[in-house]
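Note that the chains take the letters A, B, C, D and E in the order they are written out, and that residue 1 is the start of every chain.
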Amino acid sequence: DDMKLAVTTSFHNSGLSDILLPALTEDTGIEVQLLVVGTGQALRLGEAGDVDAILVHSRAAEEAFVEAGYSTARREIMYNDFILVGPLADPAQAGQATSIRDALWAISGGTAPFVSRGDDSGTHKRELNLWDTAGMNPVNADWYRATGSGMGAALNTAAGMGAYILTDRASWLNFGNKDGLMVIFEGDEALFNQYAYLKVSPELHDHVQAMTAARLEAWLVSDRAAELIDGYEIDGQKLFTFNAVR
Amino acid sequence: MSDIWEGLRAAAWLLISFDADLWEITLRSLRVTLTALLIACVIAMPLGALLVLRRFWARRFVIALLNSLMGLPPVVVGLIVYLMLSRSGPFGVLNLLFTPTAMVIAQVIIITPLIASITHQALRELWSEYHDLLISLNTSIFQRVRTLLWDGRRTLLTAALAGFGRAIGEVGAIMVVGGNIDNATRVLTTAIALETGKGDFAMALGLGMVLIGLAVTVNLAIHWLTGTERAGRW
Amino acid sequence: MVTSILPLRLDRAFVKRRGKMLAGPVDLDLTGDGVTILMGPNGAGKTTLLRMMHGIERLSGGTVTWAADEETARAAQSFVFQTPVIMRRSVLENLMYPLRLTGVAKAAARKRAEDACAMIGLAGQEGQRATRLSGGEKQKLALARALIRDPQVLFLDEPCANLDGASTREIETLLQAAAGRGTGIIMSTHSIGQAKRLARDMLFMNRGRLIEHSPADVFFTSATTPEARAFLNGDILE
Amino acid sequence: MSDIWEGLRAAAWLLISFDADLWEITLRSLRVTLTALLIACVIAMPLGALLVLRRFWARRFVIALLNSLMGLPPVVVGLIVYLMLSRSGPFGVLNLLFTPTAMVIAQVIIITPLIASITHQALRELWSEYHDLLISLNTSIFQRVRTLLWDGRRTLLTAALAGFGRAIGEVGAIMVVGGNIDNATRVLTTAIALETGKGDFAMALGLGMVLIGLAVTVNLAIHWLTGTERAGRW
Amino acid sequence: MVTSILPLRLDRAFVKRRGKMLAGPVDLDLTGDGVTILMGPNGAGKTTLLRMMHGIERLSGGTVTWAADEETARAAQSFVFQTPVIMRRSVLENLMYPLRLTGVAKAAARKRAEDACAMIGLAGQEGQRATRLSGGEKQKLALARALIRDPQVLFLDEPCANLDGASTREIETLLQAAAGRGTGIIMSTHSIGQAKRLARDMLFMNRGRLIEHSPADVFFTSATTPEARAFLNGDILE
């Protein structure tokens, strides 16, 4: 059985898909074709019925998707966390902060640029949300650089500029161009990053592989998947935590 | 800098180890590009010849339009093709989205104006040479097109090679319509974009070098086969 | 021959480019039996006039009409250009080209082209690239290519300019034979000797105007215009 | 389908409302592309002419190489330029990364082979026509290049326009070296890619249409200025 | 003139293409005072030989040497091609081109080009596109362009093929004047009359070989080879 699944770049770049998909095929015979795109584009692919299911991390957008009838339900699968990455020298001293809020305040001093995804992706939305809760609106500041690109490209840009950037842990650990960058701040609860799985509703598109998508969902919340997700490590660091409600 | 060396090393390693994945995506790149090139040539070359031959009122406009279409942003082409082939689009039932066929369609749209423009330019001289004779011999428009294309075949090589180059290196459109699906629509350029996104520059460069090597090989082979530069004027 | 496309009639036909009158206005009836020779100084408009008759020069005014419909008329004419147009093919392929256009089978076309090749003394050079031929050989090739379709009317624009004495004579024999078979021949030349040998009718142009049209014997003994007399004397015309 | 209409509507709206952002990125697109085009022409056209004129031993290889380089994948070019200009790269001190200058550099690398190839092809006929005369007149190589470029200027238009087209529609390389930074290096194509990624297809198409309109305008203007199709052979 | 680049010496020089001997091997000394005329049937190799002398045909063997060094020798020659090479510029710009190459100032070049234009009877057509000239006008333009630099040696390949009688005579006068001023003239033609009028020395070629080299009076009265005698009779040479 073939099915198409649209996922976000951050999920794919984490490398988890390379662990999960072979196991999935082994267990169920399902061949998943991954489309790695931005969150917005993933949702559009789902709306058009060009994919059978999506796996993204942008709660508000997902709920709107369900609301509009494109999917019957949103199923939370797992989470990882966002981290703040920046130059080794940490010119803003954001590393000494005790909360993400303080870290952002430090960065807003403007000693080094801050790179934003600027592409309406899940990560970008979260970042804006964090600034908001910190009570700031840096979008027009000269040290704030909205790049409008994917996670990897934005990380490359940050590396090139020696800038701070908010990223998810999985992308960071898998990122190859870490030169001059390091993790500056991590561990705040506000950095929690939930991934959810949404089957495209066959009501609107009768050709979607609803059965296969359902079987995939069942597998994703299975013990086998839980084991694989919780067991996935890079450099000894656990990346994802399985939290599906069964 | 060291990345570039590592890229070279990665390329060498990929080639030596005869990596099966590499082999597959390289072949797919070639297949998609050559198919698109063939189709585009069949459309664009007669079109370019016709634009040389026919002096209709909108000719200048069509030429300017073709020249502008050389600048069609691939992403936009990709998007339009996507919208056409999407399940909710007019050709959704054909189920072509995220297949190599969709990639071929996008490529054809992108390179046809380029090939037609260069063809037009290349055949202008030939036509000004042949004009009197072909008119005098009372040739049909079809015969004229055939004669120009045949006798100008050597000069059309650049048109085809430019089209090939543009297609084989293109990523924006085929990313959108192909989806860069592993084992199905991943080609060299989309793989490079993927590795770049991962920050794995050595791998990206390695694949890039394979791609450049492929282009050089194809070009040298074609030059050698057609003997363009050996045979003087023809 | 099925229907004759002759006579040819020009009615106040002229060609003007950038405000300059290149040839015309010309009123002319050509019955076309025998050889008609067109003479005149350089830049007089001979080439332009021949091209007008053949229909490859856009008229700025007036008409050119044949006795047959457009399609028949066009198919029954050939033109040998002052600067031969040589296709980027082999000598043989150049000769086969007009035949292949009209649907003659490849083998038959090849046979006829080989014969034509021998006729113009290029036997043995069939496979050579025609663009590499010598100046005179190119002219002969263009002539043979024009004759190969057996046209009813043949236009020749200084076809012997680059030919040696012997070739010139051969070509003249060939043309006279064609004229004898009923082909209308209209030809420009700068050689008074050649005109005297071939012409039955003479046309004379100066500065774009056709100022004499008379039988050859009349023209060479008692041309009416002073320009024609001066030209025959080798004087410079102003 | 409806997206396409919405795209047209978005384009119209962007234009009518004289959107300041749109204005800015459009101007930047034009500036970057035209600068790159100018530089590339200055390099590529004499190079193309030289390749027609000089018959050195590696000539055929250089031509095949140029033809292959037409297929340089933009992403790879972007990557190499990135590595060169990045802080840890050899030209890091120049601080050019993520500036329009970096984008110009990448564009130049991408379009130079294309322009040189088409120039080479366009000037071959002219050279075979002029060959005897220019050799006979004992011209220097420099004089020959000048003569060919000048007398062939009309046929070189296609080369320049193909280069313009490729540059204005390109996205892969300038995304990597420019970073698509708002108010600094965002141009039309990167904005389109961004909107596509966001799933805002109507906006992406709208911008695409603005881009195509821009290309058409530039082309028509050039055709009109040079009067290529009016003046017959020259 | 500073140093004379003459005499010209050819030493077993030949040109072979695709296994075919186009011209040579030729041994020849040309002192070059007066007019040397090269004759021979079509395809004999006249054009090839002239181009070998001028140094624009790649030799397959042998040597061509001038009395001066390469650079001086090249700068002091001009060539009028059988098919005139016309630049895609105006008539005036065509004439100015060789002057501008050698660094003549624009105004001076323009003046001299205008004079040359008048000399060949193209006054009033200075601004016309040269590619649109008539066949004869192109030949005259090419000739004037070759003369404008005042070369020591002038090669002409059938320069009067498309010219009318009066123009031919004018050109002949011009060439004789140049020869009188010491310019070496080497010219091919198919017109025996023209050869008789101009030649001081005669060269005769057949099938790529130079088989006669003699003073004009000797050649025309008592050519030694049967080929030359047959050619002068207008017979076909095999």
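Methods note: a residue touches a chain if its C-beta (ideal position, glycine included) is under 8 Å from a C-beta of that chain, and two chains touch if they have at least 3 such contacts.
In this text, all values refer to a predicted model and were calculated from it rather than measured experimentally.
*Asks:* Show me the overlap between the contact partners of subunit A and those of subunit C.
*Replies:* Per touch definition, common to subunit A and subunit C: B.
*Asks:* What's the distance between the Cα centroids of subunit A and subunit E, rounded to whole Å?
*Replies:* For subunit A versus subunit E, the centre distance works out to 81 Å.
*Asks:* Where the CA atoms of subunit B average out and where those of subunit E average out, how many Å apart are those spots?
*Replies:* Distance between chain centres, rounded to whole Å: 49 Å.
*Asks:* I'd like the Å distance between the centres of subunit B and subunit D, where a centre is the mean of that chain's Cα atoms.
*Replies:* Roughly 17 Å, centre to centre.
*Asks:* Residues of subunit A touching 2+ other chains?
*Replies:* 37, 150, 153, 156, 159, in rising order.
*Asks:* For subunit D, jot down the residues that touch at least 2 other chains.
*Replies:* 176, 193, 196, 201, 233
*Asks:* Return all touching chain pairs.
*Replies:* A-B, A-D, B-C, B-D, C-E, D-E
*Asks:* Contact residues on subunit B for subunit C in the complex?
*Replies:* 126, 129-130, 132-133, 135-139, 143, 147, 151, 233-234
*Asks:* Taking the touch rule as given, give the residues of subunit D at its contact with subunit B in the complex, in rising order.
*Replies:* Contacts found on subunit D: 1, 3-4, 59-61, 63-65, 67-76, 78-80, 83-84, 89-90, 113-114, 117-118, 120-122, 124-126, 128, 155, 157-158, 161-162, 164-169, 171-172, 176, 188-189, 192-193, 196, 201, 204-205, 208-209, 211-212, 215-216, 218-220, 223, 229-230, 233.
*Asks:* Give every residue of subunit E touching subunit D within the complex, in rising order.
*Replies:* Going through subunit E, the ones touching subunit D are 51, 54, 56, 74-75, 77-79, 81, 85, 87-89, 97-98, 101, 129, 131.
*Asks:* Any idea which subunit A residues touch subunit D in the complex?
*Replies:* 37-44, 118-121, 145-150, 153, 156-157, 159-162, 179-180
*Asks:* Which stretch or stretches of subunit C touch subunit E in the complex?
*Replies:* The touching residues are 17, 40-43, 47, 82-83, 121, 132-137, 140, 157-158, 161-170, 190, 192, 231, 234-237.
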